[in-house]
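Here chain A shows up in two complexes: once beside chain B, once beside chain C.
Entry: the complex of A and B
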């Protein structure tokens, strides 16, 4: 299966030039860019591992691309995403997030049904590694 | 006896200076009928206080009715006045309770209509109650005989008043964090046909749409619990579809389960069941009423639920420019009342709304502070006091071929809902959903790269369609569909071309 989390998962995987252009857009907007990775693409896995802090004082996308290259080297076969953070009052959250690496063979997510109370159901999801 | 004598000497109805408040208390409170201006509801020198609630009415006085007197009557009838003088006013600090009409000006280019500005002291209003606010402001005055028509165009809600409301239970930021979706509009579709599908068939449409790439599917406004589909059946099948689509994509998915019902008790019952099944969102219709909306907002806040509001019925009073309530005012009330989503128009779709006026509604929902913006119909500066933002929903006759226009008009914080434009796709519902998602992501990618999507939009879509068959088919079927009719509710301050 192909996990479709993130902003551009329905497009062909982005090239480094395309990734760099998106990072440039984030930096022009004054957003801090961070890199995160995980081997567990559960829809509610909120906290992926941080590849360092978001790069708050960076102005050039090249810095992010270098960090991304390092992260990829250290974490082959993992999901990696780029996040942008906006510190504007009343936003103070992520404003862009997209995948920049996925494993060659992606895990499946299994839906577990627990029957309760007549026909009602409790659902949970498990990443099958 | 002496009083009567004075009245006979200067009968207010023949007083030449009828626009001035009568300050002599004996004259002012002698029994009889006075002009509203004379009663103190007009004060051209009044400077509104920061804590006043301000309202702008568009009024059409009957022939021969002076606009200033008409404005005073609006202020009077929406605050303390009755048609005749009452001595019991003198038991109160009545000057505080009188709304003040403070400005009247002709509507540009529309003879016979006037903009009338009215200020209300904060003491007139109960905290945290849209019902109380609206009972005052639109309670009586729209049926008032001396006016042929009246429309509430805009309101300024002072910070002190805004802070008496909790506002949206989730807000745009909270919703995005819960869904883990950032940087693009959300995508939805209304399950079609609206009526007649069994629960099992209905869930099929939901599953196909979500698996194909939509974030949300939606009940329509009149899907409640009819003979063809009991509400519990719908909820059970829909949540099976939502969870299964989540497993197939790795994304958080949702379906607006419409809990609108005949009583609050039944709405709570349905909402509780939606929660038990793990839904992230419930939905209500505007026609449930302001108090029910505030109650459901409170319930959502206690149950981690996003609240979607479908504006069913609003066209009966928002569409015609001469009479009713502008939708920008409804949007303000709903941000106070506390909804997370509100249908706010598409500009390019099948339903009423000229582009700038619709952008004005979006700004009311999403900005922390609205600046005065006459071309977009924003007449007052409005500080929202950090109350959460409402996600506007664009729904009704939109399709993938309009993606560049929709993003250019509305930006990222919007739910784009393609109902027919998903389910009516020639290759099926999943393909329809995929076409919309690919069109959206391709357009956001291009915009962020610095391309001019207004000019290059169609070209960007065609390029994506080269590798995405469903998008190609969508563009072939709908690419030339437009709803290019003249809007009814347009700005009074700019020429308003329709979007083609």
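Entry: the complex of A and C
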């Protein structure tokens, strides 16, 4: 199942040039850019593994693209996303997040119904590999 | 699930096709000739070169080399627009010269020049020394160097006193690791950044001899000559004019003598020594005004540096007290 989370996820996967242009836009706005990866695309899994620190003082997207290439090499078949953080409100708040790599075969997400307290129903989701 | 991925793939393929077509269109519109003069005017290269001429005193060989480099880059760019075979020229440089001869200033101008010619995308200068590149323990160097390189992408990386990276006396020195990463990036990311190595001529020569990889990857070796006494005087005038100070005629004579004496003393750093002398003269002038002036001071008096402000320097007494003492004990 094609996971759709973050920006652009209903579009075809971005090419490297397109990713670079998006990162360039982030840097022009003075946002810090971070790379994160995970093998668990559950929508409630908000904390992905960080690939190094977010990059705060870059001028050119090439720096991010180099890190992304390293991250892809180390984590083939995982989800990788790029996050941009805006600090105008004195906290590094996320303003943009988009997927830049997904596994060839993506896991499906299944909804599970559980009956509790008599006939009450609880819904939860699990990632199926 | 499958249907979704298929459409995605189809769309990507279509977009790629569209991309190929636009590239094709560009090829068709390629101009048949290029006016170098016009390129020179439009790209803003002229402004940078004129700026260089106006703001930097002396340094004729450096200016000539930069003009040559600019010409080469302009022609390369023109060749590229006409579709002639071209390869991004190697732009890494080494600036050698004594301290205070303007290496950092020229590097800054160079970054602007390369930006205008389109050889670097952003044109900022990241100035680093050994401490910024080399780590303190195993595994610290590579991330540190990479961090700096990432910051310098799209601009110019200026490594001051680059020979400190290589310490032959300690074979386990982490500098070697930084050198290897640098060499790799200088080779693979030639389109992304330009590296300028700077330092004293003789030590740089030694550094290049022990690291032949650097020598072959650096195309432009630019030597910065020492300033002559007259040039230093002109620099002093330029500095003072920039901060609205004037020299009395006697002070000017004193300064000329100062320059002559200072050159013979140790740790002479060309323009930097002059700047320091100027800073100290300002200090003495302020002190003098504060202690002697009664009543209102006008602008002329506030900006006049007198003979006494310069003559009070220790240079006229043979340098720093420690230096004088050392020379006397030797005798």
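What we mean here is this: the second predicted complex is superposed on the first by the 122 of 129 C-alpha atoms of A that agree within 3 Å, B and C clash if a C-alpha of one lies under 4 Å from a C-alpha of the other, contacts with A are read in each partner's own complex, and residues count from 1 in each chain.
Everything that follows uses one rule, which is that contacts are C-beta pairs under 8 Å (C-beta built on N, C-alpha and C of every residue); 3 or more make two chains touch, one makes a residue touch a chain.
Here the structure is a predicted model, which is why all the values come from computation and not from measurement.
Peer 1: Chain A superposed: clash or fit between chain B and chain C?
Peer 2: These partners fit in the superposed model.
Peer 1: Is A:50 touching anything from chain B or chain C once the two structures are fitted on A? First, second, both or neither.
Peer 2: A:50 contacts neither chain B nor chain C.
Peer 1: A:22 contacts which: chain B (first), chain C (second), both, neither?
Peer 2: It touches chain B, and chain C stays clear.
Peer 1: What is the contact status of A:12 with respect to chain B (first) and chain C (second): first, second, both, or neither?
Peer 2: Both partners, chain B and chain C.
Peer 1: By residue count, which of the two partners contacts chain A more extensively, chain B or chain C?
Peer 2: B
Peer 1: Does chain B (first) or chain C (second) touch A:60, or do both, or does neither?
Peer 2: The answer is second: A:60 touches chain C but not chain B.
Peer 1: Quick check on the superposed pair: does A:1 touch chain B, chain C, both, or neither? Answer first, second, both or neither.
Peer 2: both
Peer 1: State whether A:69 touches chain B only (first), chain C only (second), both chains, or neither.
Peer 2: Neither: A:69 stays clear of chain B and chain C.
Peer 1: Roughly what angle, nearest 10 degrees, sits at the C-alpha centre of chain A between those of chain B and chain C?
Peer 2: In the superposed model, the angle at chain A is 100 degrees.
Peer 1: After superposing the two complexes, find the smallest distance in angstrom between C-alpha atoms of chain B and C-alpha atoms of chain C.
Peer 2: Scanning every C-alpha pair, the shortest chain B to chain C distance is 5 Å.
Peer 1: Looking at chain A, which of its residues have contacts with both chain B and chain C?
Peer 2: Correct list for chain A: 1, 12.
Peer 1: Quick check on the complex: what are the chain B residues that touch chain A?
Peer 2: 173, 176-177, 180-184, 213, 236, 239-240, 243-244, 246-252, 276-278, 368, 386, 389, 412, 434, 437-438, 441-442, 444-445, 448-450, 464, 467
Peer 1: Provide the residue numbers of chain A that touch chain C in the complex, in ascending order.
Peer 2: Residues in contact with chain C: 1-2, 12-13, 15, 52, 55, 57-60, 62-64, 66-67, 106, 108.
Peer 1: Would you tell me which residues of chain C are touching chain A in their complex?
Peer 2: Going through chain C, the ones touching chain A are 1, 4-5, 8-9, 11-12, 15, 121-122, 124, 143, 146, 149-151, 153-155, 189, 192.
Peer 1: Could you please specify the touching residues of chain A with respect to chain B in the complex?
Peer 2: Chain A reaches chain B through residues 1, 3-5, 7-12, 14, 18, 21-22, 25, 41-44, 46, 83-84, 89-98, 109-111, 119-123, 125.
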